[in-house]
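Accompanying notes for the structure given below.
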Amino acid sequence: MKKTRITVWNENIHEQQDKEVIEIYPDGMHNVISNFLSQNPDFEVRTATLDQPEHGLTEDILGNTDVLTWWGHKAHEQVKDEVVERVKIRVLEGMGLIVLHSAHYSKIFRALLGTNCSLKWREIGEKERLWNIEPGHPITQGIGEYIEIPRNEMYGERFDIPTPDKLIFISWLEGGEVFRSGCCWERGHGRIFYFSPGHETYPIFYNEQIQKVINNAVSWAKPRVIIPDSCPNAQPIEKVVNIHDASAKI
Amino acid sequence: MKKTRITVWNENIHEQQDKEVIEIYPDGMHNVISNFLSQNPDFEVRTATLDQPEHGLTEDILGNTDVLTWWGHKAHEQVKDEVVERVKIRVLEGMGLIVLHSAHYSKIFRALLGTNCSLKWREIGEKERLWNIEPGHPITQGIGEYIEIPRNEMYGERFDIPTPDKLIFISWLEGGEVFRSGCCWERGHGRIFYFSPGHETYPIFYNEQIQKVINNAVSWAKPRVIIPDSCPNAQPIEKVVNIHDASAKI
Amino acid sequence: MKKTRITVWNENIHEQQDKEVIEIYPDGMHNVISNFLSQNPDFEVRTATLDQPEHGLTEDILGNTDVLTWWGHKAHEQVKDEVVERVKIRVLEGMGLIVLHSAHYSKIFRALLGTNCSLKWREIGEKERLWNIEPGHPITQGIGEYIEIPRNEMYGERFDIPTPDKLIFISWLEGGEVFRSGCCWERGHGRIFYFSPGHETYPIFYNEQIQKVINNAVSWAKPRVIIPDSCPNAQPIEKVVNIHDASAKI
Amino acid sequence: MKKTRITVWNENIHEQQDKEVIEIYPDGMHNVISNFLSQNPDFEVRTATLDQPEHGLTEDILGNTDVLTWWGHKAHEQVKDEVVERVKIRVLEGMGLIVLHSAHYSKIFRALLGTNCSLKWREIGEKERLWNIEPGHPITQGIGEYIEIPRNEMYGERFDIPTPDKLIFISWLEGGEVFRSGCCWERGHGRIFYFSPGHETYPIFYNEQIQKVINNAVSWAKPRVIIPDSCPNAQPIEKVVNIHDASAKI
C-alpha cells in the first residue's frame, strides 16, 4: 500500500521568541507533530515552516502531499497570498487539510470556508473537556467518551463557520462556554478537519489522545482522487431538437 | 412594516455590445429585474452596475441594502477585490445575496463558498426543466411541480459547490445532463441563493415563474439580524479553579 | 392574516400525582404553555391531553392544527400507535411539531427521526446555560448570547439523533457535560424543533426567554403547504424512444 | 484483516411468479448479488429470503452481519414488524444497510428515515443516466462521469426523504424527470445507502458498474463500532454547587 504523504506546516515563531513555548517545544511544534505521526508505518512525514522559501510549500511539495496539517497564530498575514491560493487549489483537487487551534484564523481556512471563522477566546489556562459525539466516525476511533485537557486557551461560541458536514467534538469549558471543537467539511474533492486544541503554552501535542485524533484525521482526510479543476464545454449526449432561436418567446 | 431594500447589480456589458442581447434587454437586464421586483409593495429597489464608481456598491449603499442580486459573466475579473471584500463582509453580517446564472463564476460567490464553482456548459439553446423538490420551501411558493424553459444555456454537473444547506431545484437538460439549479446556503448571518436560469441571449427574466422564484428568494434572504464581525476576549462566567501553569504535565 | 392554530399536547400525569409538580403547575403544564402562547395575537391555541378520547388528537383536531407542541415523560407507551401514526402523517404533510424536554423519548419524535433519541441524564437540579449559536435564526430572535436556567435536569451527549438540519442551541451543564439542546429538522413538508428545557419539577415554562423561544419556534414551524402523501404513476413529458424489451442486454 | 460479513436479503417473489423475471434471475436476484459480491476476497456473503423462518434474519444472523442489502417490492407488508424492529436496532448499533430500488418503500427504510419515501414512477422501459456528482466519494471509485442504464423503471422527484447527508448520484430520465438515485445517511452508528437501479424486469444487477457501486457501498457501510443503545444515568464529573430546590424562582 502506498504511504500517506504528510506535510506538517508550522509558523514556528512562538518557538523562537517565547520562553515558555521554547521550554515545551524546543524543536518547534512541527517536529513534535511530525514525530508522533511518523510512528504510523503507513505515513511518510515532512515538515515545512513559514521562514522557508515559499513557506516550504512549493508546487512540487504540495503535488507530493496527500494531507497537510497547519498551525499558525501570530503571522497569518505573513503567509503569501499566492501560496494560500496554491494550497487552496490543491485541497479542492483532493488533498486533505487538518487545521489546528489558532489556525482557525489562517488565510487558508478562511478562504476555504468563506466565513470569518471568529470566536470567543480567553487565555487563563482553564480546563476543557471535548465530548466525542460521533463514536462511530473514523476520527474518533480509540477515543473514549471525552478528552480532558487540564489547561487550554478557551475558544467559545459563536464560532463563525458554515454548518459542519459532520460535527465530531463539542467542548465544555470550565469558565462556562461551549465550542464546536472538532468539525469536518468537504470542499471540492478535499476533506478538511478543524481541531481546536493546541495552544502553544501548554504541552497539548504530547497528549496521546490528541495525537490519536490527529493520526485518525490524517487517515480520514487522505485523498481518494486528485481532480484538477475544469469548466468544460460539453457535447450533448442526447439529441437536442430545439433550434437555437433567441427571439423565441418564453 | 419596513420595506426590504434591494440592490440589483448587473455587469451590463452584453447589453451594450451584443445585438441579440440588446434586442431582448434594451435597458439592461438589471432594469427588467428591478421592474418586476418593484411590483412587490414590500420591496424598495435600486440598481447598480459595473461601470459606476465603486461599481455602485459603496459602503453607504451596501449599508442600506437588505438583499443584493448579482448577474455577471464577461467581466468577473473587472470587479475590484476591495468591493468584493466589502460585499462579503456585508453578507456575513446578514445581508441576503441572490446569485444568478453565470454569476456562479463571480468573485463574490466563489469567495463566500470557497470552491471553484465550475460546471459543464453548452450553448445550443436547449430545453431545461427545473424540478421543484421542496414544495414547502418559501422560495417555491406558487411554483408548481416544475418550471420549463424552452431555450437556455446548458449548465450540468458536476457543479463544484459545497453541499447546499437546502437543494431546491434540480434541472433536467434536453441534451442529457442534470444540474443543481436552485441551492441555498447560510454563511455568517447571511443567506445565499444560487439560481441558474438567466442566460443573456434568451428572455428568461421575463418568464413569470422565474420572476416569482426571484421574488420569493428575496423575501427568504432578507436579514433578521445585522451583526458585525468580532472576535472578543471574554471574561469567564463560571469560577475557574485551575491556576495558569504552563509547565503542568498533560 | 390567518391565525396560526396551535394544539398544546401534554401527558398531564405528573401534575396529578407529584406534589412538587402540582405546586408549580397546578393547572397542568399545558395551560401554562397555552397561556403564554395565547398572548400572541397571531396565535389561536387549544390544549389536548393523554386522558381525552384519542388523546385529544382526532383527525378533525389535527386537520385544524398548524403547529403541535408535545410534552410527555411517564406515559410514552400509553400513547396509542394509531394516534402516533396520525400525527406523523400530518407532520409529513406540513404541520409543525415542537418537541419539549423528555418528549425526546416520545413515540412520535422517535418515529419521525428514526433513531433511538437516547441521551445521558441526571436529576440533581444543576445549572444549565444554553448558548445561542445561530443569532440570525428565526427561533433565536430576541434571545441574547445565552439562556441560563438555574436548575434543570441534566441532558448530556451523546444524543442519538440524526445530524440536525440546523443546530441552534448547545448547552453547558454545571456537572461537566454538553448537549445539543435546540435542534431543527425538516421531514416531509413539516418542520420539527426539539428544545430540551422543561423538566416538570422546575418552573421552567414560566421563564420568559424559554417562552420566547417556543413562541418563535411556533412561528418558524407553521406550514406553508399541506400536501397529502402520494406515489403517482406519471406519464412521460418527453418522448421516449426506447421500446420496452426485457430481454435487452445491459 | 477480518472479512466483511454481508447478508443479501431478497423478497424473492417475482422470481417465482413472473415469467420475464424468471428468465433474467432464474436463481433469484439475491444469488446474482451474492455472486458478484463474493468475488471480493474481503467479503463473506450469505443470503436470506422472505420465506425463511424469521425471514432469515434471526438475532444470531444479524449479530453476525456487518452489512445488509435489501431488495423488496411486492410483499413489504409481509415482513414482520418484529424483524423490522430487530434490523433497525442493529443498524442503529452500527450495521450498514444498502437499500435497493423498490425497497424505498420497505418498512425498514421508512422506519429508519421517518418519511414516506414516496416518489413518481413509470414502467415503460426508458433510458436512465445516473450522474456521479461526488467522484471523490468511496462509493463512486472506479465509476466515471455517469452510469447509463438502457431500460429501467422510472423513479422521479419529488422523492420524500430527509435531505441526504451526502447526495452521490442524480438521475436523468428519458421521459423528462430527475431523481436523487444515490443517497447516503448516517443513523445511530450505522450507515445507509439508497441506490435506485434494480427493477426486476431488466438485467440491471448484471451491469458491471452497478455491481461496482454496490461493492463500494458495502465497503463504505461496514461498521467501525457496534454500540448497543443505552440511556444512562450519569454521575457529575464536575462539582455541582446548586442545591436541588424545586421552589427556586426562575
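Note that the chains are named A, B, C and D in the order they appear, and that numbering of residues resets to 1 at the start of each chain.
In this text, a contact is a pair of C-beta atoms (placed from the backbone, for glycine too) under 8 Å apart; a residue touches a chain by one contact, two chains touch by 3 or more.
This one's a predicted model, so the numbers in the text were calculated from it and none came from an experiment.
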For subunit A and subunit B, chains touching each: C, D
Touching subunit A and also subunit D, the following chains: B, C
Contact-richer chain pair (by C-beta pairs counted) among A-C and C-D: C-D
Rounded Å distance between subunit A and subunit C, as computed from the means of their C-alpha atoms: 36
Whole-Å gap separating subunit B and subunit C, where each centre is the average of the chain's CA atoms: 32
Where subunit C and subunit D are represented by their mean Cα positions, the distance between them in whole Å: 28
Of all residues in subunit D, the ones touching two or more other chains: 129, 135, 156, 163, 165-166, 176-177, 186, 237
Interfacial residue positions of subunit A with respect to subunit D in the complex: 94, 129, 135-138, 141, 165, 186, 189-190, 223-225, 227, 237
Of subunit C, residues touching subunit D in the complex: 20, 23-24, 88, 92, 105, 111-116, 118-122, 124-127, 149-151, 154, 156, 160, 162-163, 165, 174-177, 185-188, 201-204, 206-207, 229-238, 240-250
Residues on subunit C engaged by subunit A in the complex (per definition of touch): 129, 131-135, 145, 156-159, 163, 166-167, 170-173, 176-178, 180
